[in-house]
Amino acid sequence: MRKLPIRSAFVLSALLASAAWSATATPLGDTVVVHAGEVIVRPGEVLKDVDILIIDGVIRRVEAGLEVPEGAKEITGAVVCAGMIDPWSVLGVQSVEVAFTAASPATRTADSLNPFGHEFQKKQALRSGVTSARVQAARRAMVSGLCSVVSLAPSSDEDFVARADAALSVSIGLTNPASGGTTFVVNPDGTFVVRASGPSAMDTFERIAQVDKVASLLASGRTYRIAQNEFVHDMAKWKEGIEEKVKELEKDFKKAKKDRDKEIEEAKEKGKEFKEERYKEDKTPQAPKFDADKEILAKAVNGEIPIVVEVHRVAEIRYLLEATAPFGRLRMVIAGGTEAGAFAEQLAARKIAVIVNPQARGASAYDEFDGHDAALAGVLAEAGVDVLIGSGGQTAGATRDLPLLAAMAVGEGMEADAAFAAITSGPARVFDLSDRGAVEFGKQADLLILDGQPLSTTTTVQTVLVGGRIVVEPKE
Amino acid sequence: MIHFTRRDQRTMKNSSALLSLLLVASAPAASAADGKLVIEADAVVTLTGETIENGKIVIVDGRITAIGADVDAPWDAEHLDASGLIAYPGFVEAITSSGMDRPNENVDVAPFLDVRDSIDPVNAYFEDALRSGVTTLNIQQGPLCVVGARGHVVKPVGRTVEEMSIKPRAGVVLSAAPKRGKSRATQAQALRGAFGDLRRYLEKTVAEAKAGNDYAKREAMYQGREPDEESAKGRDLECSAWNVEGMKLVPRWEIDEKQAPLVSLVEGRIPAFIYCQNAMDVRVAIEIAESNGFLHKTTLVVTQDCDRAVELIAERGLPVIILGSLTRSEIDEETDEMEEIFIPKVYADAGVRFALRSNNATTQSLAYQAARCVAHGMSREDAMRAISVTPAEIIGVAKRVGSLSVGMDGNVVLYSGDPFSVEGVVQRVIIEGEAVYDRATDVRVRHLEQGETPDNTEPTDPEASEDDEAKDDEEEKEG
Amino acid sequence: MLQLALLLVAPAAASDVVVVRADHLYLGHGEPIENGVLVVSDGKVTAAGVGVKAPAGAVVIEHEGWVTPGLFGAFTMDGIGSERRDDTRPLMPEARIVHSLRPRTAALARNLRAGVTTITINPDTGRPCSGASALVKTHGAKVVDAELQLCLDISYGAVKADEHPTSLASLRELLDDVLSEGAGSFGRAASGELPVIIRARDRQSLRAAASLAKGHGLRGAIFGSYWAEELVDEVAASGLGVVCDPVGVATNHRALRSVLALAAGGVDISFGLVTPANPPENLRVGAAMCVREGLDPNIALAAMTGTAAKVSGAGDQAGIIAVGRDADFVLWSGSPIELSSSLEEVWVDGHRVHGGDDE
Amino acid sequence: MIATLSLFALSLSPVPHPAPRADKLVVYAERAYTAPGVVVTDALITIQDGKITHVRGGARASSADLRATCVTAGLVDMGFRYSSNQNTVEQSSEVTAAARIAPALDLHARGWERALRQGITTVAAFPVDRNVVGGMGAVLKTGGEPTLEARLVRADAFLRGSMGSSPSSGNRPSGTRPTNFYARRPTTRMGVEWEWRKAFYDAWQEESRGDADRPGRAELLRALSGETPVFIQAWATQDIRTAVFLAEEMAAEGMGTMRLIIGSGAEAWREPDLLVRSKAAVCLPPLPAAGRTTENAFMSMDTAAKLYEAGIPVALSAHSGYGSGNTLAEQAVYARRGGLPFDAALTAVTTMPARLLGVSDRVGTIDLGQDADLVLWNGTPFEFTTRPVGVVLDGTPLVGGETDR
């Protein structure tokens, strides 16, 4: 039989230990005070020797010499920072759902989330300090649908999905891994070889055509919203008209009745059939046909939700920026952006955030990564672009390595504070998670207690708090 | 993407119309004189009441009129001497898609269809059901749908569906697990879309009716008439989750036949059976049922690792029907250890009512499934309940079948011994007072259990047999 | 501090003498030396340690970071295009991958930029014996050793459906037979003269590799660590080192556990590169990930340098900074274990070949 | 009445029990079926160093480490499929009598653990049936240290091969371009039988002529002489007949009397006289739900009983291990439902396969000096309502089921 590897006791929220996702965390009482040697309040802003007061899972105070309320649970740590947020993940989405390609704007990742899946990967991600993630199913579909932000240590099943429909996601020109094929080569000696040609990329025109499609989808969303607004307007107008007409009819009713009786009389006399006078009024305006997909597109066009576009190559990025320029309220976020460095200034000017995955690529990577430059995150940040760092949205296990990815970006020239912001406050801001991403008054107490700087290899995450609950306890 | 067990399909494939006809034809010959029958057995296991030693069951006109050790039988009743045998109520198959021509409809949302049009009364499946002591079957469309056809509860005898019928329009199947060509997200989207469409359809219908009335009023005024009396031929929507104001304006018969069954569903008038393949599907199933007001009429049809969502199911008090293998193993990614889980026990321990389903009529019949529960430490009573009373309750026929008591259908299965033991086999089956099965004259039992090869099962065409072989091999691989 | 003994007076001053004074000097083994000094002359290391005096006239570089030996990339397939393996017969012991090497290839330059100065180029696995690997410097494609290791594969990957051997039993028998017969390269492997690298893809083949090595007195390495967690004792007893499967972002936990278990069991480990499919930057990523899981940082450093060279049978030629050895080293802004550290300069044979003033 | 497993109750997981096997272990059972036909009530079985050292009836449970309602010897599955992988068979020749299965065994595969969990402690392992003569099979334990040394019960226990379509399907008829060896292999049943006959004749003649030795000859000769049994997969009637006729032809030619075991002999019931005449034994495949097995052979619940009544040695198999949903205990229940007496069912899953594999001196019964392989049941074995709840292998408790209420 297999040897049982000896493992240190690792206590985790019951969510992960048991099958159900509703967690019964270590009871802490309602009040927690964290005594910290150093608090990274937000990237670049560090307070030394302060205490953090948490009441009912929310940060109430961050100050030195705090008086500990009676009955409060006290925790001490060297460095405290906000829980990390992976802005580009598939943790909790099964690989078959990630690979699926037939989606529409109204398809919801929230529906393909498996609260019972990836238990171990979630546990590992939490242990490395990631407490939330934006997840996207059907990644390779041109329109992937709505993505969700999940909490990796939820306190209840409602809490599991932190934001069900956080943004609309689309992608431009991704290589379809199912494409390509095999060729059969017979050698002179009669032996044969089967050669796999590997997946083939779309050509540039197809990719550009996808940008067109995305732009026309957005336009259709706008048209839909306009039609809806027009209908509301027309309907109000019509009702007004009808009300007036009714008043008129009521006023004229006696006369009409008299006339009618008279006409019936006359008809009888003449032995003719009585003919009703035809009633005419304005036609009722017709409501535009409900379209679930256009509802979502309209929201995106209106900036009610962000739109995340995975796009990599120069040609598509250039055309995308051009084609989306007319949509003034669009809140666009670029994911991937392998060759986005060339557009840094434009991106900064239009306040388009870019989610970079600074992972090194081998020669077997798809052609969209041909222009991969490890320095991208640094280059963009330097130009003032809002850079987020994500684990790439392909493998659930990658979210665990989010802090390492941020460290890699630093190694390739990004400022350390910017890299830390790219996995905490940045994603929180871009995806409207106003209660996360910083250690300050009013935020949800998603905190990491560390023995060193958050991006260092040798730092250990000792305790993780989510909503004030301990979900990772220190190793023995 | 729930698959029918291969065995189901094979049973259907091996069906022999001839054998079934023989059986069906022989049934009326044994019918009771004037519809009165007395069965005298060594023991009568009623399930809901006491077990009666040397008991009698009196069946008049298909219903049980008396049951007990000392009951008076009508003087003119036919006597069935079941000495040496034990009487049980017939078992209840909680859900099945066997016994009909293709079990799945390709259209996503098709509650306007009815499985009755697909049921094949001479399918050998029904004969196999009798042989394994099943007297009630809930036939529903298969799991490859979004919203499926309406089902039908039948008994496994009769020459037509009408003769077989116990309860028509016995529910609608929905699937939270993706059908072919759909992902979980698009399946959920389609499910939600079906009810969204329904609601918008009703709203539009009401709005049109209202606009029509208003117009008629104005027209009357213009023409100098008194407006017609408004006649409310419809009634309010009785859905606990959402409402459409003004449904009184729309008579029910005016509702599109494609939408009408869904109206019954959201009003909780018919049961819903929702297929769940994995635990994650349970969440979607519950959400759809809850947000459309039919959770209280919902049964989850569960397979694979759905038991991981047992707390969710228990919280809502939903019953489940367990399909497929009763055991599964889980491997811990961190420790690499394997754990074996006996699925019914997980539900039982969480207080979830569950029904079992057979995987085939020979090696994994309903009685076998229940016996495995006993092997895994559950009580005989609980195990027996899972194939009789519970499924009868779930499909809404508990007042007629699933146990033996006065007033219930005269369905009695006479066993030679304990149905859970290796010796206990079905000797006779009586349905609504008619003796419909006798092991002594069962041709197919000699084929399946006693090795006798009926001539027509021997492959005659060598080419055809090659094909079968290839298929078998393929199936082996799949297994 | 053993390094304290290295109080050598550097040879006479010359214009080509370079002295690097670093906050942290790591020699490829042991612990890093604080405030270490490295003296290079004529492309060779002439002194290294604490308190080494700079010869007069030498160019002195003050480095506020780390200096380490050039990283060692085990098991690459760089610079050989698609000619990775000759498929005509199951045993090709005398085939040399070096003849497939195109010297001017971007792949070698990429290694260099990642701090990897020496690599082994291996014929692809998937045949019982696919030939000899080569030891190559990534700057200038200098072939250090054209016949470094004999490459064997004892796993299911080397079994073909339509050619002998089709079974694992025959595969094992075949390798046993040729090693016992001892002709040519097999004989040199069996005598311990030529190191081997044996591909193992599952627990069964790990065990088979260990027993093959034990049975024939082979030295060298197993390539493949994924399933090693439970077999550390067997591997340790075989005397073989392990070239671990590449570790990168999202590598699963079992792979990490196996690396840690091997290290804990005293087995010499290095990280396989498997370039160009796997990027050379992953060498540091793998080391960092293992450190985060609990691997001793010094073992992780050695697994990229000194131990790595040793495991691949190149312990005498690469991997460490020592007197008389080629002066191949890298200047980092911090410890290479920290991914936030940047590579600043790469020196090969006493010359700066990447970074520095050029950038 | 309900089994209590005091030791397992604490450690229910399937992990190896930390207790070293040198420790003494005492097992109590209300009934111990120590051998077919022998029942010891209130039995106390003492185990030392992995062997059974003492069995006594009328004892009290208090001194036992483990308690169960019933105990049998560990089950033996001689049709175990540890893998479906073709790399277990050397296909570069159709006849590879010298091939050994041992180096191809993946002792870490889950199949072993799955078999152990259902009470199977000993199995036969052999190459996948893609060759005519596949090679030498071995007998192994399903648990313990995952090394061959620890698990091997008997190496070279039998010569394994196949009749019927499995060695010929997928091969190409001659006339196609000979790109690989599939073009020269048999494509029909007669080709398969010819390979068998040729292999034996060649071995015999080479030996008679005193030709230089070659791999496989010794194995074939030992098989011919009856020294090692010949285990031939033959599902359908025609293949069973072919196997028997082959053995009879060899005997008639004076080349020796083979000990023939028909593997997966679903249709053996159609040829009882032939099998009795040739003294062949039969290992049955798992019972199919609708009667038809692979090769379209027909089998029913009473097949085992029929063979038993005809006096044919019969072993049951679940083809447990890789990908099988069947359990061996379940096969015994079906056989009993088909009319096989309890003792015969116990024989068919313990002593008979042990005898056929030549390992009955170590496994198959609970007797002094036998390996301490036990199955602990929560009731009378081979009933639908009972199951193995614990397994002891070589004196070490390795598996505990979930607790029973």
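We just call them A, B, C and D in the order they show up, numbering each chain from 1.
Quick note on the criterion: a residue touches a chain if its C-beta (ideal position, glycine included) is under 8 Å from a C-beta of that chain, and two chains touch if they have at least 3 such contacts.
Predicted model, so just to flag it, every value in this text is computed and none were measured.
Higher C-beta contact count, B-D or A-C?
B-D
Please name the chain that ends up farthest from chain C once chain centres are defined by their CA atoms averaged.
Of all chains, B has its centre farthest from that of chain C.
Using mean CA coordinates as chain centres, what's the chain A-chain B distance in Å?
Their C-alpha centroids are separated by 42 Å.
Find the geometric centre of each of chain A and chain D from their Cα atoms only, then give the gap between the two centres in Å, rounded to an integer.
From the centre of chain A to the centre of chain D is 56 Å.
Where in chain A do residues touch at least two different other chains?
2-5, 120, 191 - these are the residues of chain A that touch more than one other chain.
Multi-chain contacts only, two chains or more: what residues does chain D have there?
14-15, 108, 113, 146, 180, in rising order.
Among all residues of chain C, which ones touch two or more of the remaining chains?
In chain C, residues 230, 252-253 touch at least two other chains, as defined above.
Where on chain D does chain C make contact in their complex?
Contacts found on chain D: 85-92, 99-108, 127, 135, 146-147, 180-182.
Looking at the complex, which residues from chain D come into contact with chain B?
2, 13-15, 84, 110, 113-114, 117, 165, 169, 269, 287-296, 298-303, 306, 323-325, 333-334, 336-338, 378-379, 382-387, 401-405
For chain C, which residues count as touching chain A in their complex?
So the residues of chain C in touch with chain A come to 87-88, 107, 229-230, 248-253, 257, 261, 275-282, 285, 288-289, 291-292, 297, 337-343.
Per the contact definition, I'd like the list of chain B residues that touch chain C in the complex.
Listed in rising order, the residues are 333-334, 336.
Write out the stretch or stretches of chain B touching chain A in their complex.
Those residues of chain B that touch chain A are 181-189, 193, 196, 200, 211, 215, 218-219, 221-225, 278-280, 283-284, 305, 308-312, 332-337.
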